[in-house]
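The two complexes that follow have subunit A in common; it is paired with subunit B in the first and with subunit C in the second.
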Partner chain A sequence: MDFLLDASLFASTLRMVTPILLAALGGAICARVGLFNVGLEGLILIGAFSAIVGNHFTGNVLAAVLIAVLCSLLFSIIFGYMSIHLKANVIVVGIALNFLALGLTTFSLRAIFDVKGAYYNKDMVGLPKWDIPLLKDIPWLGDVLSGHSPLVYLSILLVIGLQYFLFKTVTGFRLLASGENPTAARSLGIKVSRIQYGAVLICGVLCGLAGAQLSLGNVTMFTEGMTSGRGFIALVATMLGQSNPIGVMASSMLFGFMDALSIRLQGFALPTHFTMMLPYIVTIIAMLFFKDKGYIQEARKSNESSR
Partner chain B sequence: MLLQMDSITKSYGSVTANSQVQFSLNRGEIHALVGENGAGKTTLMRILYGMESPTSGEILLDGKAVSFASPADAIKHRIGMVHQHFMLFPTFTIAENIVIGREPSKGIGFDRKAAAAETERIGKLYGMPVDPWKKVADCSLGMQQRVEILKVLYQGAEVIILDEPTGVLTPLEVKELLVAIKGLAAQGKSFVLISHKLQEIMEVADRVTVLRDGKVTGTVDAKDTNAEDLSRLMVGRDLIHISRNEASRGKKVLEVAGLSIKGAKTKPVLTNISLHVDEGEIVGIAGISGNGQSELIQAISGLMKTDHGVIKLLGQDVTGASVGSIRERGLAHIPEDRYQWGVAKDATVTENGLMGHTDRHQKLGILNGSGIRGMVSEWVSRFGIKTGSLSTKAQFLSGGNLQKLIVARELAQHTPFLIAAEPTRGVDVGAMEIIHGELLKKRDEKGAILLISSELTEILKLSDRILIMYEGQIVGELDAESATEEQISLLMAGGKAVG
Partner chain C sequence: MDKLVQFGRSLMQPLLAVIVGLAAGAIAIVIVGGSVMETYAEMWKGAFGSFYFLTNTLSRATPIILIGLGVALAFRAGFFNMGSEGQMVLGALSAAVTAIYLPGSGLVKLIAAIIAGIIAGGIWSAFAGWLDARFRMNLLITTLLLNYIATLFAGYMVSYPLKDRTGSAAMAQTVMLDQSVWLPKLFKGMSLHAGFILAVVGAILLFLFMRYTVKGYEIRMLGGNPLFASYGGVQRGKMMLISMFVSGGFAGLAGSVEVLGTQYRYLDGALTSPGYAWSGIMATLLAGSHPLGTAVAAILLAALQTGGMGMERNTEVPLEVSSIIQAVLILFVSAKFTYSFIKRKKARS
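Then we have the complex of A and B:
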């Protein structure tokens, strides 16, 4: 098994997991304010595409990432306006945005780059790889943890930051309150819609970063529908992690690992389509173990009994 | 005078919820606000709490005109409200629930230790101790009520509005609450108390204002009035004293023998329950809520699986049968929690009335709309259900009116057996009178009724026989003629029957 579970497998796990983790954190913060954001997939796709567009026109990676964040942010404002302001069904809005994103990116790909299917340009610069001093010299661990894009490291810092924000700060506390019992929160003068908008915008930023990592970190290109379900996997990671940043990281790691493993297994003469099923089988099995353990159910149960 | 509401009028389109209402409150006073369901009490208090703005009229606080755009404004002016349905966060701790909105902080951090200390301090100060670190979901309803009041006090309220605070409490918790309110009033806090329970009002209130159809029909000193005068002001006429006819018992309708449910916890939920209800009698089950009554009715109506025992309806074994088939054989059920079991909130009055009556009003699967509307509108007029129209959504009806709709619907099944669980919870005296009258009428028409109620007066008024439940067992059976409230209370609390 040594050659199967070597350092590069774990390194690629980290790379694969970053887009999922970033989006799942966005999904978690939305779930915490009571908005189940099915539109993660679309938001990542928008981020991935606009990162390439930014890269192509500015030639600057930082500007490209900022443009990705900005575009996903704009897209998430649509989600927020529809679901918070117009009180549309969040699931419907999310699905609509996913299809909109798919169509929009495919169309723009042809309109801007005049290509079909994929855009690649050798002049484009991907995200830099950071070697972490000291860490990179540690055998094995250095191979796994060092040499990733800044977004990989940022995502881990974000986990810690969000965990602190949600459970240790006053604003985070109010955010949790708005999700748990919006009526009660409103009756206390907490501005629930403002908090919901905030959460949706943060989600937009995170999905923009996820998209940038996808199109500039893992590879340096954009292909139609290149998210290929990562947004939905992120959604599952959100639920599995109980919308808890640390928990979300753990479940994202599981999916990222299965993702990396499935690619690795292709080298062992296993059919591609079989190995590609692996992450999803694990998802279903994981859901079985976590049935009715969510904090939302818990809240709902106790709400019922107190009526 | 601390607070004055002057000529408050509130209209929604053509409906006037409050008309020229005058209401005042002195410092340290407990001022009760009573009236039938839909008389406009809650609307008036929502205006005071900034949740609604009045169409005309003004609010004076310490003689100065104020207007509240939101509850936050009202809180700033030291007005707090405890809602009928608790506004709590069940997965949060007591301390978190109390300090929310004005949390003690360290930088951007939420200082939970300080919150707990502060909670402990005000709990002691106001004589309502709580465990700050306990989750609200794990608290009894009485404790949750206490958390609500402490929250309002923590916000600095001088005027506290209590909307039906005792509706869900056990008799002991009610007593504690009333003592606490009196104590706070003695410390200078002022209370507006909305309640249907005239006895409680007579016990604590200094003054009483009665609303009927949005207008004030009288403001009186509590010491110059009595429960009967108040109900006359509320209903606008004298209440008819329901006379009970002699019970004429027939054959057994419901028989339960040796019924037990183990339940998930270590204590069994129901232990060896045996009872029977005969034609033409009302059997009342008294008990503090949570002693197995809910499980018993769920078992009888087929909603809950049983472990041992036999349930027979009209001589047929229905143990483990489906809800549908039990109802078909002759059971109607007024459920205890109207929102969870009784109605679909988003469905209209007509649709809610139709539930369970679909078979009678269909031909080849097509519903007969006019027949259904005729049936429901007959109920609306007979029970005096206040609703905008037949197509109003159930969620917009007040609790009492919803309850009347459910009672009408279940009585219209004309089944030999009826379970009536808390049939008048949250219902005003006028509606209570109608519901009680209808239940007794059903009994006189040879119906068998199993009545479950946490209101002793209701049990004593309606029942022919009284069973008392304690910790999942029937601990006593009393004849309604000779039973006294003391006897029942003692058995309900787990004591032994005397005499």
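Then we have the complex of A and C:
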């Protein structure tokens, strides 16, 4: 098994899982306030595209990431407005946003760069790779954990931060309360819709980061629909992790590991189709064991149906 | 008279959404520097401009209508079936395999292929329903995941065991079906095939079923108020399996008629890349899960797509304008609840 499970496999797991993890954290926050965000896919796509646009026009990576965050934020405001303010069905709004994102990005790709399919420019700078000073000298661990983009490390910090925020701070409790029982929360004087907006905005920021990692971290290019289902996988990770930041991280890691493993297995005589199926099958099996408890009911409470 | 007013009001919302969608499209056209009227005229011509284009639009609408009907049924029962893509692909594959390997005369093979497609799509869909009813796994998620598994499985089947090795082309596809099992074309030289009639009949039948039968009432009740339905003695698990089977069956039928009427073989990606499944879901959302409305909405969406292609052929405006229009349409229709909400607020004050 040595040749199969070496350090680079785990390193690529970490790299590939970051967009999913970031988006899944956003989804978890939304789920915690009773909004089931199906629009993650679209939000990531917007982030990925605007990161490239920012990079193209400013030539600065930091500015590119900020622009990505800003655009996803704008998009998530639409989601919030439609689902909180106008009380539209969240799932329908999410699906519509996915379409809008796909249409807008492919259209803007034509309008801004005048190309079809993919945009690549060798002058664009990707996210820097950080070597962690002490860590990188540790033999095996250094190869796995060191030399990733800052967003990879940020995502891990965010998991810890969000876990603390949700379960140890007053605002976090208010957030949980407004998802758990909006009516009771309202009667306590908690501004439920304001908290819901806050959650949606956090989700927008996280998805923007996810998109930036996707288009500037893993590769430095944008292709039409480059999220290719990652948003939905993030949704699955949210659910598997029961909207608990650490759980979400574990389930994203499981998926990312299976994904990396499936790419590795392609080197063997196995047909690629079956190795590509592996992450999805494992996820379905994992769903059998980790059934979600609370949040579906929560989603059902605040919206007539969650399915 | 009251009914007429009500009918008019129910039409208002989609019409308003269409207008807003076209306005958004106009903005996009202006941004890329096209002329709005000219572009929309080209779009209209591309969709309905001649008899040829009209039949082209209708044949593109065929799978969208069928998928939309299936999704509409599931929505009405309160289930978000996002797995139409996988169900359609498996239906198409089964139809192709049946049509290739089953012995018998052309007509027998044709009917068997259609039935095989319906059953394959239905079983795949009911499997997701079973996972929800038995293990309480979220249907929305399982159907999404099963999509990937189905398309990858079908891709494997046509890349290895069923691959067409007769031609020189290295495409992942099955061999061409025998001409005797092709669905007849409705007009000579046009792409419209008998599948369209199946789709229209399906829409009418589903409408009558939902409206006038006991089972249809139970399905609507389950979607409208699950608690009331369970007091009334409707078994959720059983209804879920049945409605998911029928829902997937429609998607499977969509795949089958596409294979038997247009492609004449199963070609990997030919059903997934035009996004029929998502268009079908959009049509359902547009029409608020009304079967006949779904059919009309499907034709509208197909017209936007074929019109977009015509527009791209003849103007500088990119095809994606039509996907923007589609998305804005859906977004505005989803705010339907809004208006009733505002009304309620007004009534209270």
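The rule we apply is simple: the second predicted complex is superposed on the first by the 290 of 307 C-alpha atoms of A that agree within 3 Å, B and C clash if a C-alpha of one lies under 4 Å from a C-alpha of the other, contacts with A are read in each partner's own complex, and residues count from 1 in each chain.
We adopt the following convention: contacts are C-beta pairs under 8 Å (C-beta built on N, C-alpha and C of every residue); 3 or more make two chains touch, one makes a residue touch a chain.
Note that the structure is a prediction, hence the values are computed from the model and not measured.
Legend: residue contacts after superposition of the two complexes on their common chain; A:Tyr153 is shown touching neither subunit B nor subunit C. Legend: residue contacts after superposition of the two complexes on their common chain; A:Trp130 is shown touching neither subunit B nor subunit C. When the two complexes are overlaid on their common chain A, residue A:Thr283 makes contact with subunit C while staying clear of subunit B. After superposition on the shared chain, subunit A has more residues touched by C, the comparison being subunit B against subunit C. Of the two partner chains placed by superposition, only subunit B is touched by A:Ala184; subunit C is not. By the touch criterion stated above, A:Thr106 is placed in contact with subunit C alone, subunit B being left untouched. Contacts of A:Gly172 after superposition: subunit B is touched, whereas subunit C is not reached.
On subunit A, the patch touched by subunit B and the patch touched by subunit C overlap at residues 305-307.
Residues 51, 70-72, 75, 81, 83, 85-92, 96, 100-101, 103, 105, 108-110, 136-137, 141, 144, 337, 339-340 of subunit B touch subunit A in their complex.
Those residues of subunit C that touch subunit A in the complex are listed here as 28, 31-32, 78-80, 131-132, 135-142, 144-146, 148-149, 152-153, 155-156, 159-160, 223, 278, 281-282, 285, 318, 320-321, 323-324, 326-328, 330-331, 334-338, 341.
By the touch criterion given at the top, residues 168-174, 176-177, 180-181, 183-190, 295, 298-299, 301-307 of subunit A touch subunit B in their complex. Of all residues in subunit A, only 38, 78, 82, 86-89, 91-93, 95-97, 99-100, 102-104, 106-107, 110-111, 116, 229, 232, 235-236, 239, 271, 273-274, 276-277, 280-281, 283-284, 287-288, 291-292, 296, 305-307 touch subunit C in the complex they form.
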